[in-house]
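Each structure below is given as structure tokens.
After this come two complexes, each holding subunit A, first together with subunit B and then together with subunit C.
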Partner chain A sequence: MPESTYTQLVELSAALLLLCAVLIVWRRSLGAQIRLLAVQGWALAGLVAVLGVHEDSVELVSVAVLVAVLKGVVLPRVLSRTTAADRAAAREETPLINTTASLLAVSFLTMLAYLVSRPVLVLGSTPAVAAVPVGVAMTLLGFLVLSTRRHAVSQLIGFLLLDNGIATVAFLTAGGVPLVVELGVSLDVLLVVLILQVLTSRIRTEFGDADLDDMTELHD
Partner chain B sequence: MSASAAVFSLSQVLVVVALSPLVIGLMRTVRARLEGRVGGGVLQPWRDLRKLLRKEPLVADGRSWWAVAGPLLLMSSSLAVCALTPLLGTVTFDRLPDDLFVVVSVLLLGTVAVALVGLDAGTAFGGMGSSRHMTISALVEPTVLLSVYALSIPVGSSVLSEIVEARLDDPATVLSPVSLLALLALTIAVVAETGRLPVDNPATHLELTMIHEAMVLESSGRDLAWLELGSWLRLGALMGLVSTLLVPWGVASELSVVGLLVAILALAAKLAVAATVLAAVEVALAKVRLFRVPELMAGSFVLAFLAVTASYLVVQG
Partner chain C sequence: MADGMRRYAGVAAATVVLVAGLALDVAVAGGGTVTALGGELRADALSAFMLTVVGAVGLTATWSGMGARSDPPPSTSYAALVVLFLGAMSLGVLADNLGVLWVAVEATTIATAFLVGHHRSRRALEAAWKYVVLGSVGVAIAFFGIVLLYAATRSAGAATLSWATLSSTQPDLDPSLVRLAAALTILGFATKAGLAPMHSWLPDAHSQAPAPVSGLMSGVLLSVAFYAILRVQAIAAPVIGTGMMRGMLATAGLLSLGVATLLLIAQRDLKRMLAYSSVEHMGVLALAAAVGGTLAIAAALLHVLGHGLAKASAFVASGWILETEGTTRLEDLRLLFRRRPGVAVPFLVAMTALLGLPPFSLFFSEVAIVVAGVQRGMTWVMAGAVLLLLGAFAALARQVASIAFGAADGDPGPPPDWSAPGRRFPLGVALGVTAVAAFVAGPFADLLTDAAGVLGAAAG
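Showing the complex of A and B:
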């Protein structure tokens, strides 16, 4: 594939990844967040596929298929099954900081990501290296969602955003990891999400709510 | 140079004045059809304007001269915006570049004029509308400036016609992440600035929710016609600007009869598509609560900010 097309495709998928991360912070409805997470999974798979085609690596292309299936289809479906149980709690009603403040935090965190990844940017001027700050920013935004949301499913979405960010940085800097390792990591994430899904539904049947801030005390 | 710039400016003003009421009519018709109504037809805004212009304006006791001057100031600022933005051609006057900062400040002049008209009558609704209107414009301003700053980085100039020319030369830049993010932010800002859904419902006369309608409530006859036409022109010019930035084809870079005709047809087509899309989206939207408007504006600000950071990504890479 010509170099300019490669550059454009890498830039476009990086921008899509970042845009989805920002919109996840912006939107409060869980359904919309899950759909955005699925779009982000497809964008990540697209990024990996572009890298794979550019480097003529069959392994990376198969990893891309794996990423698409796991992050684009399976995980969003598991999450939406969790929220489908009750329509009433399908919105994050009271995040710890309001949306305007978290959107401003997003701009600061993105700036921070660009600042801290300057040592990486010095290493090379390929489009893949130039997109590394996007991965770092996604990781930071994942932390933001994890720490400011109260709803269990929202926190799960934050965790997956964090995971997507780490995966993005890995694919952009190291050209991906061996297929076996990627398979192991993917299964790990899948298991974590499944366990947390079970835990969330148990919490809800037990307390009638999945608001984690209500659970600060121990009872018999 | 300045002769052809004058031709372009004059034809821009004439074309936008002719088209903006039609754009409004088209939006209302699309909206009506999608809601299962027949609607007043595309020409209805022109008929309304003709009716209003024939009527004598009734001025309430205690209103100052601003009731007459404000609408005229809005109208002239809108006409200046139409003349300045490169909707048909990228030829500009030497001494008067269509710099974005100039365009935004001329727009703001109109905003302030309408807000003062709302305050002038001394009614509760007018003041409320003006206060809301100024709050929203204060929130919109940073987004507009940042998003155009992002668009101007690859070109190295904030002159709108140079940005459009650069896009005509290299259409691939239109699809770059920087320009898409900046245009998305600019679209939200334009929607807020021109008082469309989800920020303001242009069709409402419900006291608690109206913004633009609250300010023009006390005007009538000719004054009301100028206020309406002025705000329609703003909508037409800004929509034309966004769609020209998104789809730069058709804009003439030098004066010729064929080029001008093609540019006029292209502008009409772009405005028609933009109006249809905007109206179709508006049907699906509800007005957001006033206290959630800052959220929307913060979102568009973040998009513009990301566009700026992403443009540095491209420059370094």
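Showing the complex of A and C:
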């Protein structure tokens, strides 16, 4: 692959990743957020595939397939199943901050991401390293979603956004982690999401809906 | 038959871990290492010691829980999850690869999530949700740090996450990247270790989980997360010095002691009281890690063992109290010592250990950590720590005293009940070990200094 094509493809997938993250913060509909998360999963898989082809690494290309299956198909499907139960209320109704404020926070956090990524830039001036702030921004936006949304599934989406961000940084800086770790991490993420899905349905049975604001019994 | 398997699965797993830990302790005595699976699994003196702790605390919690009638009801998933938990923790301390250590720590979140939510009440559900979300996000931060560490080794020429390689070759890593990596990794594992200000999941999870599970989480999970901090610290120290990490750990330590003291004073629930006592003891461990050096780390490891055994015993006994009294509200448990000495005596002995009174080893390890801190010039930090420890002691002692003593209301009531709904023998052994551990000179002291030396070798 010519160097210029490689640069463009890396930049394209990074832009797509960030765009999906911003749109997830913007949208209130859980269905739309889940679809965006799936698109982001495919974008991440594309990024890994591009890196794999560029480095002639069969291992990375196979990891790209794993990422596509897990983050592009399986996890979004698990999330959709969770929201299928309450079609009517599949919206984030009571976020702690409104949409305008969240989008302001997005721009602030993205700038912050470029600031805190500076130590990473010592790794060289390659297109991959230049895109690292995108991964950091996704991680920070994941935190934003986790801390401002009160619907159980929204928090799940925030967690996965955070995880995608960390995975993006891992692939951009180090070509991913060793395969045994990658497999373990993927399995862990899948199981955590499945557990949270089960807990979500139990919460819905117990409290009537999946709004976490009702869970205030434990305190000192 | 199947019922027997369910009953004995946890005990059998813990016994295997304990025996393996003791065997490794002997095998690696004097600074050797044992490796398996092409170096993926590696036991040095530190891993062997931690494996022994996992086994010993695991055995205390599982064995004494046998014979319990209702809490928890024996079920296949419960037994399987306890075995999975012990397996993941053993993998964590034996893994050579920091990434695998991370995977194992995260796997315990998965194993314990349903254990925390085992009672299926609203409160248990809330605790389980908070625990999984906060725990996963916390360790995700640690994973971010590990990724950056891996990137640093890659740009230094040899991509590796192997602890053995990193600590023996000490590659020329970029300091600014390692600083960020170490900060994130320590922050992440500190969440899992229940250090303030990331401790908020801990009292909820510990108070809602079945008692033996609370004991396992407090004695094993927190300790293994602390062990992960020690490993990362040893790798980062030669590159960036100890200054930043010392600052982080000392702050977290003092903050944990402060938070624990404040919330112990007004605590009204027995199990939450034990949970905040865990926050307090993790604060002591964080201070020991901040001090560093053979004396402080050896004392910290002794503290890990003493706290694990005593806290597991206290939680198991609190489960018996819940079962016989039907409540864990402290105000309903006044004079329990007179009414039900059968469950109150094990509880009070465990609390004496946790209060840090001699002859229990926690007294000696706390003194040693403070002495080591003063030797290393952290006098003011240690002065603050001692004040907060005294505060926590007073708060905890007041709560415990209301169970042990208190004014009798004149009515003699029914005769004292000496029965217990579980097995007291394992608690006796665990607390006995805690009581004599500090006095067993010779091989045990060598074991601790060997284990501390593993980290010292890396720190240079």
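Rule of thumb we're sticking to: the second predicted complex is superposed on the first by the 215 of 220 C-alpha atoms of A that agree within 3 Å, B and C clash if a C-alpha of one lies under 4 Å from a C-alpha of the other, contacts with A are read in each partner's own complex, and residues count from 1 in each chain.
Simple rule for what comes next: a contact is a pair of C-beta atoms (placed from the backbone, for glycine too) under 8 Å apart; a residue touches a chain by one contact, two chains touch by 3 or more.
In this text, all values refer to a predicted model and were calculated from it rather than measured experimentally.
Visitor: Sticking to the clash and touch definitions up top, decide whether subunit B and subunit C on subunit A clash or fit.
Guide: fit
Visitor: Which chain, subunit B or subunit C, ends up touching more residues of subunit A in the combined arrangement?
Guide: Partner touching more subunit A residues in the overlay: C.
Visitor: Is A:Leu18 touching the first partner subunit B, the second partner subunit C, both, or neither of them?
Guide: Touch partner of A:Leu18: subunit B, not subunit C.
Visitor: Quick check on the superposed pair: does A:Ile195 touch subunit B, subunit C, both, or neither? Answer first, second, both or neither.
Guide: second
Visitor: Tell me which partner A:Gly208 touches in the superposition: subunit B (first), subunit C (second), both or neither.
Guide: It touches nothing on subunit B or subunit C.
Visitor: For A:Thr126 in the superposed arrangement: first (subunit B), second (subunit C), both or neither?
Guide: First partner only, subunit B.
Visitor: Would you sort A:Tyr114 into first (subunit B), second (subunit C), both or neither based on which partner it touches?
Guide: A:Tyr114: touches subunit B, not subunit C.
Visitor: Nearest 10 degrees is fine: what angle do the Cα centroids of subunit B and subunit C make about that of subunit A?
Guide: Between the subunit B and subunit C centres, as viewed from subunit A, the angle is 150 degrees.
Visitor: Just to be sure I read the superposition right, which of the two partners does A:Gly184 touch: subunit B = first, subunit C = second, or both, or neither?
Guide: A:Gly184: touches subunit C, not subunit B.
Visitor: Could you grab the smallest C-alpha gap between subunit B and subunit C in the overlay, to the nearest Å?
Guide: In this superposition, no C-alpha atom of subunit B lies closer than 18 Å to one of subunit C.
Visitor: Can you tell me which positions in subunit A touch subunit B when the two form their complex?
Guide: For this pair, the touching residues of subunit A are 4, 7-8, 11-12, 14-16, 18-19, 22, 26, 98-100, 103-104, 106-107, 110-111, 114, 121, 125-127, 129-131, 133-134.
Visitor: Which residues of subunit C touch subunit A in the complex?
Guide: 40, 97, 99-100, 102-103, 106-107, 109-110, 113-114, 117, 120, 122-123, 125-130, 132-133, 136-137, 140, 143-144, 146-148, 150-151, 154-155, 159, 161, 174, 176-177, 179-180, 203-204, 207-208, 263, 266-267, 272
Visitor: Which residues of subunit B touch subunit A in the complex?
Guide: For this pair, the touching residues of subunit B are 172, 175-177, 180-181, 294-295, 298-299, 301-303, 305-306, 309-310, 312-314, 316-317.
Visitor: Which stretch or stretches of subunit A touch subunit C in the complex?
Guide: Going by the criterion above, the answer is residues 116, 119-120, 122-124, 139, 143, 146, 152, 155, 159, 162-163, 166, 169-170, 173-175, 177-178, 180-181, 184-185, 187-188, 191-192, 195-196, 198-199, 202-203, 206-207, 212, 215-218, 220.
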